[in-house]
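Some structures are shown below for you to check.
Each of the two complexes below includes chain A, the first together with chain B, the second together with chain C.
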Partner chain A sequence: MKRKSPATRFLISLGVGAFLLIASGHVDELRAYQGAQVAIYAIAIASIVLLTGYSGQISLGHGALMAVGGYAAVIAQIHWHLPYPLTFLIGGIAGALAGYVLGIAAARLRGPYLAGTTLALAVGLPSLANQFHILGGEQGLQFDVGTAPTWVGKDFTQYRWFFWVAVVMALAIFWLLRNLLSTRYGRRWRAVRANPTAAALTGIDIAKAKVLAFTLSSAVAGLSGALFAMLLGLVAPLAFTLTLSFTLVTGAVLAGVSNLGGSIIGAIVLVAIPELSNAVATHLGGSDRVTANLPGVVTSVLLIVTVLLAPNGPKIPRRHK
Partner chain B sequence: MFVSRRNKGGIIAAAAIAAAALVTSALPAHAETGVTSSTIKLGITVPLTGAAAPGYNKVPAAMKAYFDYVNANGGVNGRKIQLVIKDDAYSPAQTLSVTNDLILKDKVFALVGTLGTANNEATTRLVNSHGVPRLFVNTGFSGFADMKKYPTTFPLFPSYATEAKAMGKYIADNLAGHKVALIYQDDDFGADALKGFATAGTSFVAKIPYSALSQADPSVVGKWITSIATAQADTVIMFGVTSATGALAGGLYKAGLIGKVQMILGSVGSDGTTLKGLLGPLAPALAGSIAASFLPSPSDATDEYVNLFKSVNAQYNAGAAFDNNVLVGMNSAMLTVQALRAAGANPTRASLMKAIEAKGSTWASAAFSPILYSAKSHVGYTGYWFGKLGTDGNAVSVDGPGKYTLYTTDSGTAPVVKSSPARTAMPAKGLPTN
Partner chain C sequence: MTTFFNTILVGISSGSIYALMSLSLVLVWRSTRVVNFAAAGQAVLSTYLGYEAMSRLHNYWLSLPIAVIAGALISAIVESFVMRPLAKRSKGSPVESIAPVIATLGILGLIRGIAGLVWGNTFLQYTSPLSSKGFMIGHTTIPFSPLNAAIVIGAAIVLAFFAAIFRFTRLGLALRAASFQPEISRLSGIRVDRIRTIGWAFAGAAGALAGALVTPTTYLSPNSLDLLLVSGFVAAVIGGLESLIGAVVGGLVLGVGFAFILQYIGSEVTFSAAFIILIIVLFIRPQGIFGRGGSREA
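On to the complex of A and B.
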C-alpha cells in the first residue's frame, strides 16, 4: 500500500477542517466549547503519544509542560503585548525549552524512575507560580484573546471562535507530526523504542533521539497549554493539576498509546465521559456524592477495561511495514 | 508502522462522527432563562471531591436544605427553588466546564455561592457575556466588587483588607504594648492583609510570609516558631488557611509556647470543626485564641438565626453536623430567597440584580455587619467581631456570650468604627416576607 504524500495529507486536513468549521455553525455554544476541548485535548494527547508511543519514554508530568506553555503565552501577551496567535507560538517554544532540559535528564532515566521524575514535576511546577510575583500567585493571570474577528461574520460566539482556532491548530499539528513521523526521525524513534541496543548498533545516537523526542513532545504540550489558557481565559496553578496530567495519560491509553490518530478518539472519550456519566447519574437519581464521583469511576473502569481487552487502543492493530 | 489506509479512514470517520454528534438543534427561546411558572433554577459550583472538599462540600447541601424549607412553605411567589450542584474539584478548568453546563445546558436563572477566587475568575467571561447574575460568591477577594469588570457579580464576604484593619484596631485597643508577629500567606490574600495592617498602623516585631501549600512541611513550621522566639513575640497573628492554623498550633505546642504566645486567627483559618478534625487531641491547644468572624458563632444558642438554621439543618439536611460551613450556606440561601422575592412576580435577570442593588442593604441576614449593596457598590459585608475559641473549638465573643462589638470599615483608608451590631430582625420562622 502506498503511503500518502504530505500534499495528500494536507488536502485531507483541509477537507476535515472545512467540514468541521462549517459544522460549527450548526451547533449550540456548549457543543462548540466541547469541540474546542476535544481539539485541545487531542493535541495534548498527541504529545504523549509522540513521546511514549514512538520514542518509548514515559511522562506523567505533561500537565506541567502545558502549564509552562500556558504561562509563557499569557506572559508574552501581558508583557510583550504580542498578538495572541504569536503567543501560542511562544507557548510552544517555552514548552520545547523546558522539555529540552527535562529531556536531557529523562534520557538517563528509564521506566519507573522517569515516571517518578516527571510526576514530581507535575506536582511541584504549578505551585512555583506562588513564588514569583510575575506569575500572578494563586488566582493566576488572565488571558484575553478577545472576540472573533469581524471577517468571520456577525453573531459569531466566543466558543465557536475558540473551536475554529483549536481545530485549525490541531489539524496543523497532526499534519506536521504525521509527516515528521514518516521521516528518518520517526524511524529512529521507533527503532529506539523497539530495541535500544539494536538501534545503537545501527549507529543511532539513542540519547540524542530521546532528547529530541522529549523536546518536540513538550513543544506540542506547551502549545496545547496555551490553547487551554485561551479556552479558560486564564492560567492559575490550580488549572494545571496532577489530575490534568493523569487525564492526559488516560486519554493516551484509551487512544492506544502508539497511535497518533487515536489521540482524537481519546480526546472525544475524555470530553464525553463527564457528559455521559452525568446523564446516567441523573437517570438513576443518585445523591450528589455519587454524581460527583461517577466520572472518576467511569474513567477508571474504562482504563482497566482498555488495558485488559484492547491494550493497543480501540482500533484495529496497525500494520507493520 | 504507519497507520493503514483503512485506519486512516477510521480516523476521518471518527472525526466526522464527532462533528455530526456535535450537531444539535437550538432550543426555542424562553421568556426568562431558568424561570417557569412553577420553578426557579439556580446553580452552584463547589469542590465536592479532592483536597479542598472537606468543609466546603457542606455549603451546597446546606443551601439546598434551606431552599427545601422555603419550598415546603410555599416557595417564592409560588415557584419552587431548584439548586443544581456541580463539583469542580477546585480546578478552574473544571469550574468552567461545569459552569458551561449550568448556563448553556441546565439553563440556570442565576449562579449563587460559587466558590473560589480563581474558579470564579475562570467563569467571568462566560458569566458576563450571558449576563448571568452571580450572587454571594464564596471568596473574600476584594476584586470581585469591581462593577466594571464583574457587573453581574455580588460578593458577600468582607475583604481581607477590611479584616486586617479591624484586627489592627482590636490590637491597638486591647493589646497595646504587645510584641506582635504576623504570619501570612504570600499571595494576594496576604498582600490584601498587609495593606490593611499598614493602613491600621499595626507594627510587627516579625513578618513571616509562607507560600500557599508549604504549611504541610514541618521545617517551615519550625522556621515560624524560631522567628517568633527570636523576635520574642508574645502575640502571633495567623492570616492564612485553616491547615496553616493547625500547623502553627502544633508547632507552638511542641515548643512549649502554648499559653505564652497569644494566637489571633483570621476568619479564613479559624473554623472550629475543621481545626478539631486537623488537630485531634491537640485541639484544646487552640483554646484562648482570638478569632475574627462576621457571622455569629455556630454554637451561640442565644442567636435566633443560628437556632433557626440549626432546626432547618436537623429537618432537611440528612443529619449533617451544624458548623460554620452550614451557617454560611444557609445565610446565603436566605439572602437569595429575599433577592428572588424582590425581583418581582415575573423575575428577570435584570430585575434580580436591580432588586439587590436597590434593596439588598435592608435584608435579613445572620451577619452582624451591614450589607453595602447599592447601585454604585457591590461590596457586601464590612465588619467583624472578635471571639475567643473555647476548648470545643467554637468562638465566644470577647464581650461575653451573645454580646458583640462590631468593627466596621472598608478596603481602603476609611477609619475603623466600633459599634453594637444592629442587625435586621429575622422574619418569623426564618421565612422572608419582603
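On to the complex of A and C.
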C-alpha cells in the first residue's frame, strides 16, 4: 500500500463525509442517532488506539476523561456562554490537561499498574460530580447545542444535525491523527511500544513520548466526551460509567488495537451488538433480563475470543516504512 | 475519643474485606504476573452460588464454604481455559502485558452478563444469621457487630492459612518458585502450569470469601463487588502487590483511612479518595510499603 499524502487523505475524508451527510437524509431518527453514536464512539476509540496501539499504554479510565471533556464543555456553555463549537474545543483542552497530569503518573507505570490506576480514576472521577454544586450533582447539567441552523435546509431533524456535527468532527480528528501518526511523533510512539530499550538507545525520551501520547489521547477523549454530552443533551455522573470505559477498550480491541481506521469498525460493532442482540432477544421472546444482559455477554465473548485468537488485534496488512 | 475508636473499629472491619480482595489479587499476581480484574466477577458469581445454596439449605454457615469452593473452581477454570492459552499465545508480543488485562476485563463482563441473565439485575439479599447490631459495652453500643467480628476472624484465618502454606509446605515452595523462576522450576520438576492454576484457585477462594462476607452487609447484584475490586487493588498497591502481609496491611490501612474519610468528610468522597490515595502511594512509594525497590514494571 502506498503512503497517502495529507492532501489525498483530506480528499478521501471529504468524499466519505459528503457521502455520509447525503445518506443521512434518507434514514429515520433512530438511525441518525446511531450514526452519531458511531461517529462519537469512533473518536473515543481512536483515542484508545492512539494510546494503546501506538504508545503501548493502557487506560481503563477514558470514560472518566470523556466526562472531563463533557463537563468542561457544558460549563463553558453555561458560565462563559461560548458558542457550542468552541465548547467542544474546551472539552478537548480540559481532557488534555487532565491527561497530562495523569500521563505523568502513567509514564512511571506499566501494564497492570496503569490499568488499575486508570480503573480507579474511572470509578472515582464521575462521583466527584456529586461533590461540587457547580457540577450539578446526580442530576447533571443540561447541554443545549440547539437545533440545526437554517442554512442546512428546512425540516432538518435534531439527530440528523447531531450526526452531521459528529461526522464532521470525527473526519477532522481522523485526518489530523492519521497525519500526525506518520510524522516523527508517530514513529517515536511505535518505537517506544515495540521495544522501549531500543527506543531509548536511539535517543528517544521515552517518558516524554508517553506523556505526550497520553495527553493527546486524553484531548481526543475529552472532545468525544463533549460530543457525547451533545448527543445525550446533558452531562451526569451516570452517563460516564465504568462500563463506558470498558466499552471503549472493547471497541479498540475488537477493531485491532494498532489500527486507527479500525476504530470505525469497532464503533460500528459496539453500536450494532445491542441492536442485533435485542432483535435476537425479541425473536426468542426473551424477557427484560435477556435484553438487558445479552449485549454484555456477546461483547465480552467477542472480546475474549479476539484476545485469544489474535492478541495483536486482527491481522491487517501493515505498511512498512 | 469514642468516635475516634469507633471509626477505627469500622475501618478494621471493612479493611478486612479489602484485605481479602487484595489477597486475591496478590495471589494471582504472584503466580502469573497478571492483575485479575475479573476477580470482582468471580467473587460475584461465587456469591450468587452461595446465595443459591443458602436459599436451598437455609443455612449461611453451610453456604459459606460452598461459595468459597465455587470461587476456587471458577478461578481455576478461568486460569486454565483463558489465561493460560493466552499467556502462551501472546508471549513475546508487544501486547504481552496488555492482553491479559483485556482478557480479564472480558471475563468480568461475561460473568456479569451471565449473572444478570440467570439472577436478573435486581438487588438480592444474601443474609447472615449474625446480627449487624453493634456489641454493647456497658451502656454504649459500639459500631462493631458480630457480623464484623466474623469478617475480621474470617480474614485472619484465611491469611494464617495462606501464610502457613507459603512458608511451611512443599506446595508453598513450589508456588513461590514457579512465580519467581518459571523456567528453572520447570527444570527442577515443578509442574508450573498446575501450580499456577492452584495459585489462581487460592486467589478465587479468598475473593469468594470476601464476596460472601461483605454481601450480607449490603446487597447482591451483578456488579455489586466492582468497588471492592478497586479498593482491593489500591490495598494491594499500598502493600506492594507482591507481599501477602502487605496485602492485608494495605487493606486495613485503606479500611481505616476510608472510615475516617467517611466519619469526618462525607460518604460521597470515598470513591474519589481511593484514586487519590492510589496516586499518592504511586508517587511517594511506588514499590508499596512491603515491596522491594525497583520500578513498577510488569
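As a convention for this text, the second predicted complex is superposed on the first by the 310 of 321 C-alpha atoms of A that agree within 3 Å, B and C clash if a C-alpha of one lies under 4 Å from a C-alpha of the other, contacts with A are read in each partner's own complex, and residues count from 1 in each chain.
Everything that follows uses one rule, which is that a contact is a pair of C-beta atoms (placed from the backbone, for glycine too) under 8 Å apart; a residue touches a chain by one contact, two chains touch by 3 or more.
The structure presented is a predicted model; accordingly, all values stated were derived computationally and were not measured.
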Partners on chain A (chain B, chain C) - clash or fit: clash
Touched partner set for A:97, first chain B, second chain C, both or neither: neither
Touching partner for A:78 - first (chain B), second (chain C), both, neither: neither
Chain B versus chain C as contact partner of A:180, first or second or both or neither: neither
Contacts of A:127 with chain B and chain C, given as first, second, both or neither: both
Which superposed partner A:292 touches (first chain B, second chain C, both, neither): both
Touched partner set for A:89, first chain B, second chain C, both or neither: neither
First, second, both or neither for A:35, with chain B first and chain C second: first
Chain touching more of chain A, residue-wise (chain B, chain C): B
Touching partner for A:246 - first (chain B), second (chain C), both, neither: second
Interface residues of chain A shared between complexes with chain B and chain C: 127, 130-131, 289, 292-293, 296
Chain A-facing residues of chain B, complex: 1-8, 10-12, 14-16, 18-20, 22-24, 26-27, 48-50, 60-61, 85, 87, 89-93, 96-97, 100-101, 104-105, 116-119, 121-122, 124-125, 129, 141, 186-189, 211-213
In the complex with chain A, residue positions of chain C that touch it: 29, 33-35, 37, 82, 85-86, 89-90, 93-103, 105-110, 112-114, 116-117, 120-121, 222, 226-227, 229-230, 233-234, 237, 268-269, 271-276, 278-279, 282-283, 286, 295-298
Residue ranges of chain A in contact with chain B within the complex: 1, 3-4, 12, 16, 19-20, 23-24, 26-35, 37-38, 127, 130-131, 137-140, 142, 158, 181-182, 190, 228, 231-234, 236, 238-239, 241, 243-244, 259-262, 264-265, 268, 274, 278, 288-289, 291-293, 296, 315-316, 318-321
Of chain A, residues touching chain C in the complex: 52, 56, 58, 60, 105, 108-113, 115-117, 119-121, 123-125, 127-128, 130-131, 193-194, 242, 246, 249-250, 253, 257, 289-290, 292-294, 296-297, 299-301, 303-304, 307-308, 311-312
